[in-house]
Amino acid sequence: MKRIYLDNNATTAVRPEVLEGMLPFFSEAFGNPSSIHWAGSQVSPAIETARRQVAQLLNCHPAEIVFTACGSEGDNLALKGTADALGERGNHIITTAVEHPAVLDTCRYLEKRGIEVTYLPVDEEGLLDLDLLEKSITPRTILISVMWANNETGVIFPIREIGAIARRHKVRFFSDAVQAAGRLSVDVQEAQVDLLSLSGHKIGAPKGVGVLFIRKGNPLTPLIHGGHQEMRRRAGTHNVPGIVGFGIACQKALEELTSVPRRVESLRDRLQDGLLTLVPEVKVNGSLRHRLPNTLNLCFAGIEGEALLLHLNIAGIAASSGSACTSGDLGMSHVLEAMRVDPLLGQSSVRLSLGRNTAAEDIDRVLEVLPPIVQKLRDMSPFWQAGSCCGASGGY
Amino acid sequence: MKRIYLDNNATTAVRPEVLEGMLPFFSEAFGNPSSIHWAGSQVSPAIETARRQVAQLLNCHPAEIVFTACGSEGDNLALKGTADALGERGNHIITTAVEHPAVLDTCRYLEKRGIEVTYLPVDEEGLLDLDLLEKSITPRTILISVMWANNETGVIFPIREIGAIARRHKVRFFSDAVQAAGRLSVDVQEAQVDLLSLSGHKIGAPKGVGVLFIRKGNPLTPLIHGGHQEMRRRAGTHNVPGIVGFGIACQKALEELTSVPRRVESLRDRLQDGLLTLVPEVKVNGSLRHRLPNTLNLCFAGIEGEALLLHLNIAGIAASSGSACTSGDLGMSHVLEAMRVDPLLGQSSVRLSLGRNTAAEDIDRVLEVLPPIVQKLRDMSPFWQAGSCCGASGGY
Amino acid sequence: MYSDKVLDHFTNPRNVGEMTNADATGEFGSSHCGDTIKVFLKIENSLIQDIRFKTFGCAAAIASSSMMTEMVRGKTLEEALKLTNEMVAEALDGLPPEKMHCSCLAADGLHKAIKNYLDGNK
Amino acid sequence: MYSDKVLDHFTNPRNVGEMTNADATGEFGSSHCGDTIKVFLKIENSLIQDIRFKTFGCAAAIASSSMMTEMVRGKTLEEALKLTNEMVAEALDGLPPEKMHCSCLAADGLHKAIKNYLDGNK
């Protein structure tokens, strides 16, 4: 059975070019880049090359790149580092109700430590009201934190407009771009963001490496104190192979930015159109106009998402509901809840996220496999009768 | 020219068995272990195997192991996490003047946030006064933080005795065992430590992965908030290949614990004896009795350490002065300063740290190369005249 | 994550469906996660002659429902009332800890249907 | 990290040593890092006929000392006084930023020796 991977928003395979570039840095060029001898100087230029490659993807200066261990670390560093460094100036953070847990949980923690947090609502398409955002700014506001694109629905936020608002009010602006990188142009100058987080494993680099862009002149309190690495913004021996891999992945992402996302988008659209045609009472979650090219989040009225996922998995198709890291959670995703999706319908949500390796045959196979599974589950659902759903609002 | 690596306290090469074990987890078994589909369930057992392997090295329960990104992260999590979680109970931390910057810098940061820190002095051999340690405990003391072995001198602290003191006073005890693991038996039950940090790249695992042992019943505030990973103690997608590699490295370290350190020690002793015989006015830094088997820290009166290191490097020999991550620093190491080494003498310090790959020929070559370099530098030193040093206290 | 038995009952659930001439029905929904079961019983001489179910829920809920029907078909109402969630989970060779609550659905739905039957007969 | 010129002057420093019949000596220590230079001059008709140095310090300090001696040998005292640390660093094809202060040693030690000479001759 051919396995089909449609969970690229959870993680991606390391690209072969990336792995190849990393391999020498495990056992041969294994030195600590902070060392002054050959074993260190063999390695430190590779770190700086990677820094330039990342900076090129973001259109920033290499010195503004700090390597971290993951997207979550970057999110925590941006939020806690700002709250700590700007504590004298204010204690108010504005974010959205649909951020990744790495932002939301951090905000909830900061609330316990005296920070006030405004969680902006979204509308039924998952979009923000920018007037409300601007009105929420107070003299005590130190940070606006809005993700570039949502991991569950793929909804893209108007980062450029938000950047302009933040500049106008002289408030720092952080964007979690973990899902946006490699799928959209992520240009920190155009968007006027001050802080921006990335995660390697979402763009074909390995797990265990991330990036926080910190615009010059925006000092942060480190999350990890210690050695002098990363200009004292993040201590700890550099994850050399991971960083090298991240650099290559960024270079590849930039090269392919005009081709791959477009191809992926046409496959995604084919999948979406096919499912909407073949399965009744399906709802697409998230704005159709402002959406990542690779993401398709659907509700199938009358059935439960995990049951559908497990059937798909048995058929070799990997997908997920909500973000993978909260799959220990029960109940509806906080993102769909914020979009006021009916609670019963919200339980049927499934995220299909395509990647650069997705093939047209994969889509054909999903279109063949998925509709009968939905039918089978609906046939045994007490909420589904004679082709229509009694409990759910349904309809697309 | 054969290259000789004597900087194993800075970092080590990834062991071939480790790399081999990691390789499938980059591009083949690349799933997110939190995912419920095949790509996740392919991977999650490997994480749990690694957790058991680490737990075996430390003699603890696998559920007490939290995977981090590096030793520094573990140190920060232990200190900040305790300060935050036990803030109601007290605000006093006891540590030593010779900890790694990941502990010292974190303590200095915490001091700015209202925590009181006692930095215990060491004597000229680098050893602690345990009476003083015990007397420093107050009703407000929430944590004792003493490293298992010092990274610069290799001095080993009496962790078991300190553990007993901490238990008697019902104070949490954290030990940074980054340098001890794989070189000594690190048994958290015997030593009665509650928290203990490790770093993968010091024991033949790759850079980018670490561990914090958290004894059951010692809740910590996470450093990285977000997803449900690691039982909510550390968010962020698991660095699967790194974790797998860490597990294998721990297993190997345990297997070799009765053989490799002993062999390394005899090489280190041969190096030490040779240098003391061949070079006049050399001082060994740190207790000869309580010292890691692989570490040799020396002062060569009359010359400057970095100049010596660079000459060694030109001869293909990698060594370092102090900890690699502070090589951006100028002046004497804080460890030698705490040991009251004469400031001029302290500038001549060099750390030679052996590893499992060190061969007898390597030692011979160092004994051949190093003495003439010292002579050459002394010949051009204004502090060295006719075979004796005017500025330094000298002598071993 | 799931045992082979769970997967078997999930992919190939026994006794799924409705019953037009049921002697009793019972619906039960978990307040915890919204999973819902509807149980249909055909009862003769205090024996469960036939049983059908419909379930909205995850794999654990569906497999528990299916296993439950197999465990009580042909049993007396008295015996059926003694069926516990733990017995269902055990018969499935266990459930992941975070999914244990899903097995409640099955026994509780069954008991509801029997109770409805007994109440109606009184 | 270091340029080839730095490495050359470090491994093969010119004019190292003492001078028994020096017309002037000067010692200068960096308060920043403890690096120390001692400069010995042989002066005739306000010309630096010969120069020697001894330096305690890192590679940058040693290379700067060596380069400095090459730059001023045969020069007049007046010219030698115009030598700056930047000129020494530049002649070495640059130094790492955190090592720039090491080049101070060389020019400052030279100037100290010349000053001692001029003070003594006055």
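Residue numbering begins at 1 within each chain, and the chains themselves are lettered A, B, C and D in the order written.
Throughout what follows, contacts are C-beta pairs under 8 Å (C-beta built on N, C-alpha and C of every residue); 3 or more make two chains touch, one makes a residue touch a chain.
Remember, predicted model here, so these are calculated numbers, not experimental data.
Peer 1: Which chain's centre, taken as the mean of its Cα atoms, is farthest from the centre of subunit A?
Peer 2: Result for the farthest chain: D.
Peer 1: For subunit B and subunit C, what's the span in angstrom between their mean Cα positions?
Peer 2: Distance between chain centres: 57 Å.
Peer 1: Please report how many Å separate the Cα centroid of subunit A from that of subunit B, as a whole number.
Peer 2: Distance between chain centres: 35 Å.
Peer 1: Centroid from C-alpha atoms only, then distance subunit B to subunit D, rounded to Å. What do you get?
Peer 2: Here subunit B and subunit D have centroids separated by 40 Å.
Peer 1: Which subunit D residues reach two or more other chains?
Peer 2: Within subunit D, no residue touches at least two other chains.
Peer 1: So which stretches of subunit A touch two or more other chains?
Peer 2: Correct list: 36, 306, 310, 328.
Peer 1: Which category does the touching pattern between chains fall into here: line, ring, star, complete, or other?
Peer 2: It is a line, because the chains touch in a row without closing up.
Peer 1: Following the definition at the start, I'd like every touching pair of chains, please.
Peer 2: In this structure, the chains touch in these pairs: A-B, A-C, B-D.
Peer 1: Spell out the residues on subunit C that touch subunit A in their complex, using ranges where they run on.
Peer 2: Per the touch definition, subunit C meets subunit A at residues 2, 7, 10-11, 13, 16-17, 27, 32-38, 53-59, 61-62, 98.
Peer 1: Could you list, by residue number, the parts of subunit A that touch subunit B in their complex?
Peer 2: My answer: residues 3, 5, 7, 10-16, 19, 22, 26-28, 30-32, 34-40, 68-73, 75-76, 100-103, 105-106, 108-109, 199, 201, 206-209, 221, 223-229, 235-242, 306, 309-310, 312-313, 316-320, 323-329.
Peer 1: Applying the document's contact rule, which stretches of subunit A touch subunit C when the two form their complex?
Peer 2: 302-304, 306-307, 310-311, 314, 328, 330-331, 343-344, 347, 379-383
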